[in-house]
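Order as written gives the chain letters A, B and C; numbering starts at 1 within each chain.
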Amino acid sequence: MSGTYLGMPAFPEAARKAVGDSTLRGNLRHATHTIRDKRARAVAELDDWAALREAGKQIKDHTLRHLDRYLVQVEEAVTAAGGTVHWAADADEANEIVARLVEEAGGGDSAEHEVVKVKSMATQEIALNEALEARGVHAYETDLAELIVQLGRDRPSHILVPAIHRNRGEIRDIFRSEMSEWGRPAPENLTDTPAELAEAARLHLREKFLRARVGISGANFVVAETGTLVVVESEGNGRMCLTLPETLISVVGIEKIVPRWQDLEVFLQTLPRSSTAERMNPYTSMWTGTTDEDGPRTFHLVLLDNGRTDTLADEVGRQALRCIRCSACLNVCPVYERAGGHAYGSVYPGPIGAILSPQLRGTGSDVDASLPYASSLCGACYEVCPVAIDIPEVLVHLRERVVQGGPAVRHGNRVVLRPAKGHAAERAAMRAAQWAFTHPGVLRTGQRLASRTRRLHPRTLPGPGRAWSGSRDLPPVPAEPFRDWWQRTHGGKDGSE
Amino acid sequence: MRVALFLTCVNDTLYPETGRAVVGLLTRLGVDVDFPMAQTCCGQAHYNTGYRHEAEPLARHFADVFAPYDAVVTPSGSCGAMVRELYPRMGERARAEGRGDALAATLAPVVPKTYELTEFLVDVLGVTDVGAYYPHTVTYHPTCHGLRSLGLGERPRRLLEAVRGLELVELPGAEECCGFGGTFAVKNADVSAAMGADKVRNAESTGADVLCAADNSCLMHIGGTMGRLRTGMRPVHIAEILASTEEEAAV
Amino acid sequence: MSSRERILGRVRRALADVPADEVPYERAVAREYAREHGRRSVAETVDLLAENLADYRAIVHRCADGELPGLLARLLAAHGSRNVVVPPGLPPGWLEGAGAEIVHDRAADTPQELDRVDSVVTGCAVAVAETGTIVLDGSPDQGRRRITLVPDHHICVVRVPDQVVGAVPQALGRLDPARPLTWISGPSATSDIELDRVEGVHGPRTLEVVLAGGGQDGRTAS
């Protein structure tokens, strides 16, 4: 994915800094707990939630299992409606296509050299803004949280609310110091009330919307039978970008397809309630190709692979492609709440990121090899997921890939991965434990040895053991293991030693 | 009915008092419980750390040891979930890897007859009042695998509410993970410790003397954190509370 | 090889495990969810729409058909609107008596020109009670998408009870996907600051919805 994340440290090191940052901890705790309770109430309003969740899962699974057919159908429908479809195997190719289209549209040769963007995970994933910047095209993010991140030269830390790690005071400071460099400055005497901050963003961005010639978006859904694209949003920046410019370019992951128009009835009920805890988000735009005298005259759809087909090839891991990017798993995750989004080293943080990034990018880097372990497997993510992605199952599956290696698909090619480095001692310990556990007599000898030497055991451990005892006392070892007591008192009916 | 106690390797080695409590409790309720000495470990730590293939012999061993019994009772939500939820999955994976149905067929018989302790009491024995006496203020932490994998629901709470002398107080943020998570506790020690500290602070805020759960692995982490933070609270396994009577009171 | 062929080839290889005779779409999805949540009379459905619109800070008014021009004139005056943009097919009587200058939307108008207009009045295609949503589909009484976006004040007239449905599935069934559709649930809002909802960002900051039709005060018989 993005080059921005190259060289990220493994998750535990990055998380350590976040855990020690009390402002960040407070911001994340406040925001995630607020939305957690609201989501639960919004979901509880629908007594058929479980059936909606199951239908969403089935629609997505069916689509993924026949994706070749539906991709071709999307292409035909969008073309018939007046759009142009492009195919991008990876990030570089997608960026090339978009840059060329911007130049052709004249967005690059106007005085402004600029495009306006609707928040889109796919374009963040491919680092489109950086690629356009290298060609002298400014891409303005127009979602409020994206604007905060862009002005603050920061990185997103949440799928829905990329600036979740910032509180209102920090946002005010960023607006005050940075807006003037990008366009209309922040109003004088800007306070930190959310309403005033939103007003400042409205004023700052309005001139950009009104003069933009090229808009760039992603899409939440693409309907194969009709060629309709759907963007779900709140602020109206999406509507601005989708309707005012002459040219619209939508970069969409190939997993965003649903087969039929009717399928939207499921996701338009589950997505808003799962993400912003609303019955319905303020604005949803749906468009099919181009319409005379209403909206862009030119529409391009860029279908993006960039690791998705590699993910699809994994029978256990492919369920991650059901994701509709609602963020409910982030908001409920106790690990995300403490580690923050940046520790995940990807535009996809939280539990879904921990299974998506190592599949889209592979498990080669330190951070990607550590992500499958960035979970206590508590299962809260699976419980709230509106398309029932069993995130713990995929995490464990990817742990296996890290420690054992094995067959996988990378860039469309079958490869056999070698076990990751740094797990040798663990592997040896696991094998030793397996041997002891299949030989009860060995286990018993070990237990007795521990019991007899128990007065010598320290309450804290040196070396790697400090990972436990740095924050927790060790449990005392009992005078005898249970099985010795049982044998003494019940005579050990079966002698299995 | 032939009932076997699957104590788990952690309880056998570190928490024998929990095993003695289960035996005492079930005997008091008229169940003739056996402890097959050949039992070891369900393989959960291996499986969840990514060593599924190393976990397979342990699962087969488990299935062999417990095959003769009508019911297997375990005082651990996570080990119960390993058998019930993950053994079938291990069989499926072996099949998907082209290794046939042998593993699935070996493991299948033990899956439906393995019960977590509170399930066994409420669903199989049909009791919620086990005749216990425990004169303490207790707060209950539902552990993740018991809560979400096994769906224990209100069973532990109903059992605790019927205990004489026990005052049950609500734990704020009860359904949040304590941060143990097996090898997570050492692989991501900082996040794990932060989660543990928050859990302990929430527990302390209840004013209870005892934090009760149905899994000693989580209690080892929570109790270790309580010790380090020098709270006055104690972690106690639910089996020990339910085993306690006026004649033989647990401390 | 083109990227199209490369991607489709990768997809087909990735799906080698999927049997050729897998269940078709019709049987792959169990639609066991409700078409609508709960049973309501027509009047109750309209009441629920009003309630949910208001819950997301839309300002809701009710009137009988004959009262509509008077109400629209009052709403524009109360907002202090000097001018109001209208779609080409707005029923001619609706703005009779409105004091504001009427601006007819023309294809050649620039967004900047539209930005100088205070208000917009439109009809709608359908309204969804359970979610408090109005949907515009670009019909002549609703116009181009931009006219309901750039002005800061949108008055949307919903003909009750004909245009009101209970739930999302019923709304989709009434809509034509070939048209550009805009689903609107309250004025523009954001949750981007501390995940707290604030109304009023780029879209119209004031959304007024007029439920018009039926007898006195727009009350519909059940």
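We adopt the following convention: a residue touches a chain if its C-beta (ideal position, glycine included) is under 8 Å from a C-beta of that chain, and two chains touch if they have at least 3 such contacts.
Just so it is clear, the structure is predicted and the values come from calculations on it, not from any experiment.
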Per-chain CA centroid nearest to the all-protein CA mean: A
Leading chain pair when contacts are tallied as C-beta pairs: A-C
CA centroid of chain A to CA centroid of chain B, Å: 32
Averaged-CA centre spacing for the pair chain C and chain B, given as whole angstrom: 52
Of all residues in chain A, the ones touching two or more other chains: 315
Of all residues in chain C, those that touch chain A in their complex: 2-4, 6-15, 17-18, 22, 25, 28-34, 37, 52, 56, 107, 110-112, 115, 128, 130-133, 138, 144-146, 149-150, 168-169, 172-173, 177-198, 200-204
Chain C contact footprint on chain A (complex, rising order): 27, 30-32, 34-35, 45-48, 51-52, 54-55, 58-59, 61-62, 65-68, 71-72, 75, 81, 87-89, 93, 142-145, 148, 160-161, 163-164, 167-168, 171, 194-195, 197-199, 201-202, 205-206, 209-211, 223, 226, 228, 234-237, 239-240, 243-244, 254, 259-266, 268-269, 276, 278-288, 291, 293-295, 303, 305, 309-310, 312-313, 315, 318, 331, 409, 412
Complex contacts: residues of chain A adjacent to chain B: 11-12, 15-16, 19-20, 25, 315-316, 334-335, 338-339, 372-380, 382-383, 393, 396, 398-404, 426-427, 430-431, 433-434, 436-438, 440, 443, 447, 450, 464, 467-468, 470-475, 477-478, 480-483, 485-487, 490, 492-497
Touching residues on chain B, where the partner in the complex is chain A: 7, 9, 11-17, 19-20, 23, 34-41, 43, 45-55, 57-58, 61, 89, 93, 96, 144-145, 148-149, 175-177, 179-197, 220-221, 223-225, 227-228
